[in-house]
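Worksheet: the structure to be examined is printed underneath.
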Amino acid sequence: MRKIVIDPITRLEGHGKILIYLDEEGRLRDAVLQVPELRGFEAFCRGRRGEEMPQITERICGVCPEAHHLASAKALDAAFHAEVPKAARLQRELFYNAYIFSDHLLHLVFLGGPDLLLPEDVGKAERNVLGVLQRFPELGRQVVAGRAQAQRILELIGGKAIHPVFALPGGVAQPLSEEARATLITAAESLVALGKTMIVVFHEEILPRPEFQALLLAEEAWLPTHYMGLVDEGLAPNFYDGQVRAVSAQGEEIFRLPGAEALSRIGEHWEPWTYVKFPYLVDFGWQGFRAGPDSGIYRVGPLARLNVAERMATPLAQEEYERFLDFFGGKPVHATFAYHWARLIEMVQAAESVLRLAQEPELTGTEVRGKLGQPGEGVGVVEAARGTLFHHYVLNPQGLVERANLIVATTHNAPGIGLSVKHMAAALVEKGRLDEALLNRVEMAFRAYDPCLACATHVWPGRTPVAVEIYDAQGKLLHRLEN
Amino acid sequence: MPETRARIGVFVCHCGKNIAGTVDVAKVAEQAARIPGVVYATHYEYMCSDPGQALLKRAIREHRLTGVVVAACSPTMHEDTFRKAAEEAGLNPYLVEIANIREQVSWVHSGPAATEKAVRVTRTMVAKVQGNRALRPAELGVVRRALVVGGGIAGIQAALDIANAGFDVILVERSPSIGGHMAQLSETFPTLDCSQCILTPKMVEVARHPRIRILAYSEVEEVSGFVGNYRVRIRKKPTFVDPSKCNLCGECARVCPVRVPNEFDRGLSTRTAIYIPFPQAIPSTYTLDVQNCLGILPLRCGKCAEVCEAKAIDFDMHEEILEEEVGAIVLATGYELYPKEAMAEYGYGTVPDVIDGLEFERLLSASGPTRGEIRRPSDGKVPKEVVFIQCSGSRDPEHHKPYCSKICCMYTAKHALLYRHAVPDGQAYVFYIDIRAGGKDYEEFVNRAMQEERILYIRGKVAKVFREGDKVVVWGVDTLTGKRVEVRADLVVLAQAVVPSPGTAELARKLRVACGSEGFLREAHPKLRPLEALTAGVFLAGAAQGPKDIPESVAQASGAAAKVIALLSAPKLAHAPEVAEVNEELCSGCGICAPQCPYGAISVDEVAHVNEILCEGCGTCVAACPSGAMTFRNVEDEQVLRMVRAALEVADVGV
Amino acid sequence: MAAELRLSRENLNAPFVRKVEELSGQNVFACYQCGKCSASCLFAEHMDLLPNQVVRLVQLGDEGVMGARAPWVCAACLACSVRCPRGVDVARIMEALRQLGLRRGLTPVELRLTPDLPQIALVGAMRKVTP
Amino acid sequence: MKLKLAVYWTGSCGGCDVSFLELGPGLLDVLPQLEIVFWPALVDAKRGDLEKLPSRSIDVALVNGVIRTAENKEMVELLREKSKQLGAYGACAHLGGVPALANHAPGFTEVVFGPGFRPASPWPEAPEDAPPALLPEALPLDEVVPVDFVVPGCPPPAGLIARFFQAALSGEVQAGQVFAEDKALCEECPRTREERRLTRIVRPHEVVPDPKTCLLDQGMVCLGPVTRGGCQAACPQAGMPCTGCLGPTPKAGDPALAMLSALASLVRAGEEGEDAFPQENQILDSLVDPIGTLYKYAYAKYARPLQRLARRREEVRA
Amino acid sequence: MSGFEPRVVAFLCRWCAAAGADLAGTNRLQYPPHAIPIRVNCSGRVEPQWVVEALKAGADGVLIGGCHPGDCHYVVGNYKTRRRVYLLRKVLEEMGIEPERVRLEWVSATEGGRFAQVMAEFVAELKRLGPLHEPGGPG
Amino acid sequence: MNRLVYFPGCALKDQAQGYEAATLAAVQALGYAVQELPRWNCCGTVYALAQDDLMRHVGPVRNLIRAQEQGATELLTLCAMCYNTLSRSALFVRNPENLRRINAFMDEEEDYRGGVRVLHLVQWLAEIGPERLARAANPGLQGLRIGAYYGCTLLRPKEVAVDHPEKPEIMEGILAALGAEPVLFPERVECCGAYLAVTRPEAVRLRVGSILLSAAHHGAELVVTACPLCHFNLRERRPLGAPRLPVAYLGEVLAWALGTQPIPEEIARTVGVRR
């Protein structure tokens, strides 16, 4: 047997590694994505105070703590039978859109940016944030400034930008002042401006590039799965709230349900060789690692959201969405690299939403806590930047956590990422070509998901360094490639 | 690090056979000698003897010891002895510690275990001494003047006693005259002396005393400083009458057009806006009550000034703030009666012929509104059936005050008896739960009221009092017969609970003196320090501390005065240096420490400060301090942790 | 002398006392026998024992109080309970005695039914004095 | 001479790495002065490159994350060997952090996966491909290798990161230095403190706090008094109690026990005395989950020794 | 657990418990020698950290002796101690350490007999609980 | 229009129908829509005082659940006894342990979550405020001297009292706002004998006589009550020779004052003679 290990560097920090097994004839036997780390939040959340969950679970992921913070708060709203007052809801939603903006921006420029903005032949020493900043100094300046504005919004409402503290069952910690609103509006305006800039950059610098178009249409990066995401009443994507809609690989609605009920439609499969679990739609059951209309495997995240939605919620985003659909000729779009474009569209919607919410008169309302009932069970769901995020708690009468289950965005995508990797690997093996460019494609394939193997992996910021080692059956190193 | 340079000496005492009979003292010394930092260890038959002390001194000098542990008897026995000896040899006494291997080892254990424990105990104390610092006691001078707050009988007595011992006294009284409630009373139990007759001479004595300065119509505004050195700000309200000119002719009052309820008569009569509270008032002068006067601003009336021949009335008089320094303070702010308006079931104070005990005193008093005739407020009739209700508002944790007001049993008996004297054909009823007559001649007095005056005592509480025509109906019960009773009375007298006088809580706060939950000033210790407040240099007298009758108030006042005299007589105040201390580099001023201190020794601004003189060294604040900024001299955390480790060390203890 | 009431540790700690305390949720020893409950009770004249005496007998552990009429006369008007200076809910003690009686099969009260009695009176009475 | 810097993450959430971005434009000033020899998030140096470096050739290494797996341990040992100075960056490396609460949840793989989960290789032929073994306990960095300095916080606030770079770039990082204030958070907190007493302990969701008054005075368990300043009291300013991410002040010792003592000292149910005991107990009992509340970040560093004793007790009993 | 001799640290308030211990000595009342006394001015000075440090450093149990309620030389120090110990024991229990290993006792200066008895009871209780540490360690 | 969910209870569907009709009309005239609680059951009439008598709480709590189902946070009662039993049970289940135990007794009902406030007509009237009542009072009560008789269940125990148990003034405030001259009389808070009407009618007669005497003595022309049992006793169990004072429900005088109902002939006669 031969084995290819794609291990982000030293296999300890990658928190996600890819193992490819070949038979003696060099045919692909299997390829898996392994998450070699476990922190076990579900276990030690037990016995903790319910209201602490937004602050504890956000430590699952420092890249998207905002998502955990609010998924958790929403689960608590439900567990305490609380109605969130308008002012608190607006605070949360505004905060949340600012987060989506900031996170997507981060990926587009700092993470995916080097792949998208730099020529393919650029040296690996330059293929990073610094490279992008050097080539596009003005864009870099705008992005740094824009992100600072978004962080300012997060800090103003959340208390802290990374690991915010403001959400509580039934509402938020305290009311916002009118002075705060003024700051928010100014910041929001600059987010919208940056969104527009990014659209221009995308259409002028990225999309016209043939190699990018080839990627978008590459067969091995075309994965027909089901999709899941939150939509509002008008079937536009909503990051903070709404119903969970699942759409099949053929584009038909599988279900549209409130979070708690949707959760019951998701099963979890585990394998002993990884610390991440594999969710699937129970309507189809776990059919193993394969895509297609009969499989239970589905994907979440920007592309999935655009596939489950029928329109965007804001005008600029809608314009770009239409261009996107034109390009692919309709839905569902299965191109894994379309995640990048989808991310751009969402980022614009988020910016526009922040501005709209900042102008809502009730944002500064002083009633920020709903009445709490007896604690019980609750499910909270939001769309994290990387996809649907479920928090599910059972609280005891004292309001302590009895049970917690979390399905994080990248977990939903774990089977999909595994498959993308497998397809890429198959292509790699078939072509028998083990050069650096091809290797980078493997990497780009899973980077498109912006995988924050949240509870486990960390691939931010920038590229995930990959080494490929090919051994023979005796374990002798045959070939080693690094990007 | 002190311990690296430490040169500790260990002295193990045999105490004859007391220790050596059980503990292998040689072994203890031998083990001690092995402890790093111990440069000298020995054992001796009687360390406390002269030769023993000489041995200690010699060793300190010869071995240049920086710390000493004497393993001997309880520190309560000879800690002082050895510390003094060390001091004579030039070693700071606070570098000497005792390891108690007698009371807590040799006398209570036996066999090798005793020696092992002795070794551990000694080792533990060596660990402590290694962390000790040289300390010096703090010293401070004393301002030889006292402040007495409250001019009732307790305050008067305390002021006189202190002044007679040769110290200056400032006596502050809130109302225009001293005398307090005692001046309002008719006769006093159990002797039936005329209250004013025994009080007036004392008031005059105060007025004439060269060492007493009376500040009437004044209140304590602010107190700062600490024992021996208090600074007091006193607000003196203007009386608009110059006492040195006023000759008490009374013309001013005669022309004054204003009539307001007379406080001294508890509203049963009226007074003018310029008035003298009662004829014997001290200071002996009229006071113009600016709240009710028509004429001060704008000048509309001014009739009194016109008729005053002595030109004593001065409308330009202003409030004064006096600043005084005193060494000690006596609080004698007295009591008030619980308002009858709080007694829902007894008519909420709305029935005019339901009155309280002090009102009845005024009715009984020869100088009162009725000249001593008993006439009820509503219509001036002489009441023929009078009901006295004891425990009105007292002993009622559910609705009113949980405690016994202590004086009501006696004054009710007195009231009933005096009523019978005044209205021989009247009937008095007393509703009671228990009779508490524990005082000299008290029981006899109550018996006299029952037996000779045929006052009917009914054991049972009254449920409800209400007005029915010109009668006051009382629903009660006689629990002894098991029958409900109804009395249609002419007058009802409520023995209202005794409560602290208004303003007591505020004054207590200014002085950082604790109040109990019922608002009475709290003594430092209920049994052993009943005369002192927890704040050093503040003493308590009279009913401000709890319900008290006259003899008890006077006794406590004299006791407090004696404490003050002792304090003011000391040449210097010395204070043990083993107290709490703030590391200002670490203190964030969170203020958690301050309320821990029962002595008010901690103040907090940017950081906390410990007043070394006030701190008694309990260390509660240190344990409460979350950041570790508060420390305790010679009981630092690091020291204790080293002691703990020394106590538990597994290493062979050699037995 | 043959005493009417023999006091002993056993009596004072009798299950009866504990049962009354449990059922009523009251500590009968909080009562200091001031009689305010009795003074408040407008039905005391129809009772054989005053309310405070009922409490006293419970304090003494005298199970004979079970034979008393007083608890059955009590109208549960709660005047005693709101006025008690010690916060003892005397009405609950009365209820406890009624309950104990009813559970032992005592029904010492005769219902005097007349046609004009409204439902509210009937249900109220039956809930208090019938099992 | 540029500063040779290494940054490495172990069991962490990634927030620490993101936190460098909070420097904003300041980051662009700092970056040119650095020679990043190893920083998986930023540059492509690999373990192999690191192994090839001479001993003590890295000027400063920063580690964030809790030490959770055997791999984590190997890796920080390697870094220690290659670095002149090694610092714990963030609460996880400093104190164990939130993920170290797992020490208080024995058998947690069962909770996550259900019974019967044992890590294994996807192909029996390659047993080495099993996920790395978990250490029996999640550990703070200084339990594994000597630590020279600490940049605390969850994640470290921008001001403290800036302060660290200032010191590092001028070569002035002191041994044992903690890049935060020695004084507690209360120093920076704008809330006002009245007479301190706790007549009740409330949880943040139970009350809407008064915007001006100290949260502790309002009954919330705010760890401000025991926690280092340096964040400008961000959480209390946002109406939420401090949960202690910057770690204890220099002399506080075990911050949970220090705060426990302070809280218990402040509890009052009316007059001090025996009568108040039941009510006091009730107030104290309303401090639910004291472990999670007081040891949120510091469990691994302070509570673990006792926990270990307890676990051994359980084994003995079993 | 035969042969197990528990190690104990006793923090004794100087005015009550330590004086009570002295009285036990004066009256020659024998009690088990396992506890090493550490005298403090007030039980209110005892910090929960000391107790935990003692347990970590090898103690099988810790005793805190203070004045009876109402008798504290410093008026209220013992009440603070009581509350601290109450909470501390809760925390210990949550960690799986028997809270009985930390005992708070009120012993007055006149209660020599009571002091001896408390010591005997506590040592017996600790013997029943068994050692907190493995033989030999830590120390 | 503001909605009120209202619990009638047995008496209002029986001997106190007049009270219900008058009150509902008047409340509507004040601008509130009244909705009768669907599927209500008996309140229990008298509150169970025994600690172990959990079953007696099930009925009242079930009514609270019905209110909860309606999304109501307040439940209005007219009968003082219903008010007493319901609000005391509501208080009882404020203790989470009690709540858990009572919820365990329910079968098809959803769990009670707490949070329904039981309030009595007098509280409601006091809360909408005297100004509003005074504005709506046409023709008003024209100085009628009314003694408000509270009885027990509105005032005791103090945890559910609508006002101070010894010196209530809430009804007087309402009556004054409606244009009456309230008369305070000592026995207005003392028990009428309640259900002793069934077991000891003679005790009730003595009490009723005493109460009416007390009211008359202090100058009342009319006694007003909010309790159907008091109303029954005061009217139907008078001893011979008792003052001939008319007795009416609070809701009735409210209706007279607002003009939604005329003063009944007999009462008009009695009080009108002297006017």
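Labels for the chains are A, B, C, D, E and F, by order of writing; each one numbers its residues from 1.
What we mean here is this: a residue touches a chain if its C-beta (ideal position, glycine included) is under 8 Å from a C-beta of that chain, and two chains touch if they have at least 3 such contacts.
Note that this is a predicted model, so its numbers are computed, not measured.
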Mutual neighbours - chains that touch chain D and chain E alike: B
Touch-network distance, chain D to chain F, counted in steps: 2
Partner chains shared by chain B and chain C (touch criterion as defined above): F
Per-chain CA centroid nearest to the all-protein CA mean: D
Pair of chains joined by the greatest number of C-beta pairs in contact: A-D
Euclidean distance of C-alpha centroids - chain A vs chain F, Å: 61
Approximate Å spacing (C-alpha centroids) for the pair chain B, chain F: 52
Between chain C and chain E, centroid-to-centroid distance (C-alpha), Å: 48
Residues within chain D bordering two or more other chains: 104, 253, 258, 261, 265, 291
Residues of chain C engaged with two or more neighbouring chains: 79
Multi-chain contact residues (two or more partners), chain A: none
Chain pairs that touch, as defined at the top of this document: A-D, A-F, B-C, B-D, B-E, B-F, C-F, D-E
Chain D-touching residues of chain B, taken from the complex the two chains share: 516-517, 583, 585-592, 594-596, 620, 623-629, 637
Interface residues, chain E side, partner chain D - complex: 47-49, 52, 55-56, 69-70, 75-76, 79-80, 82-84, 86-88, 90-92, 94-98, 130, 132-134
Interface residues, chain B side, partner chain E - complex: 74-76, 100, 102-105, 107-110, 113-114, 116-117, 120-121, 124, 524-526, 534, 578, 596, 598, 616-620, 622-624, 632, 635, 637, 640-641, 643-645, 647-651
Residue ranges of chain D in contact with chain B within the complex: 182-187, 193, 195-197, 216, 224-226, 229, 248-253, 255, 258-259, 261-262, 265-266, 270-271
Contact footprint of chain F on chain B as seen in their complex: 344-345, 348, 464, 466-469, 473
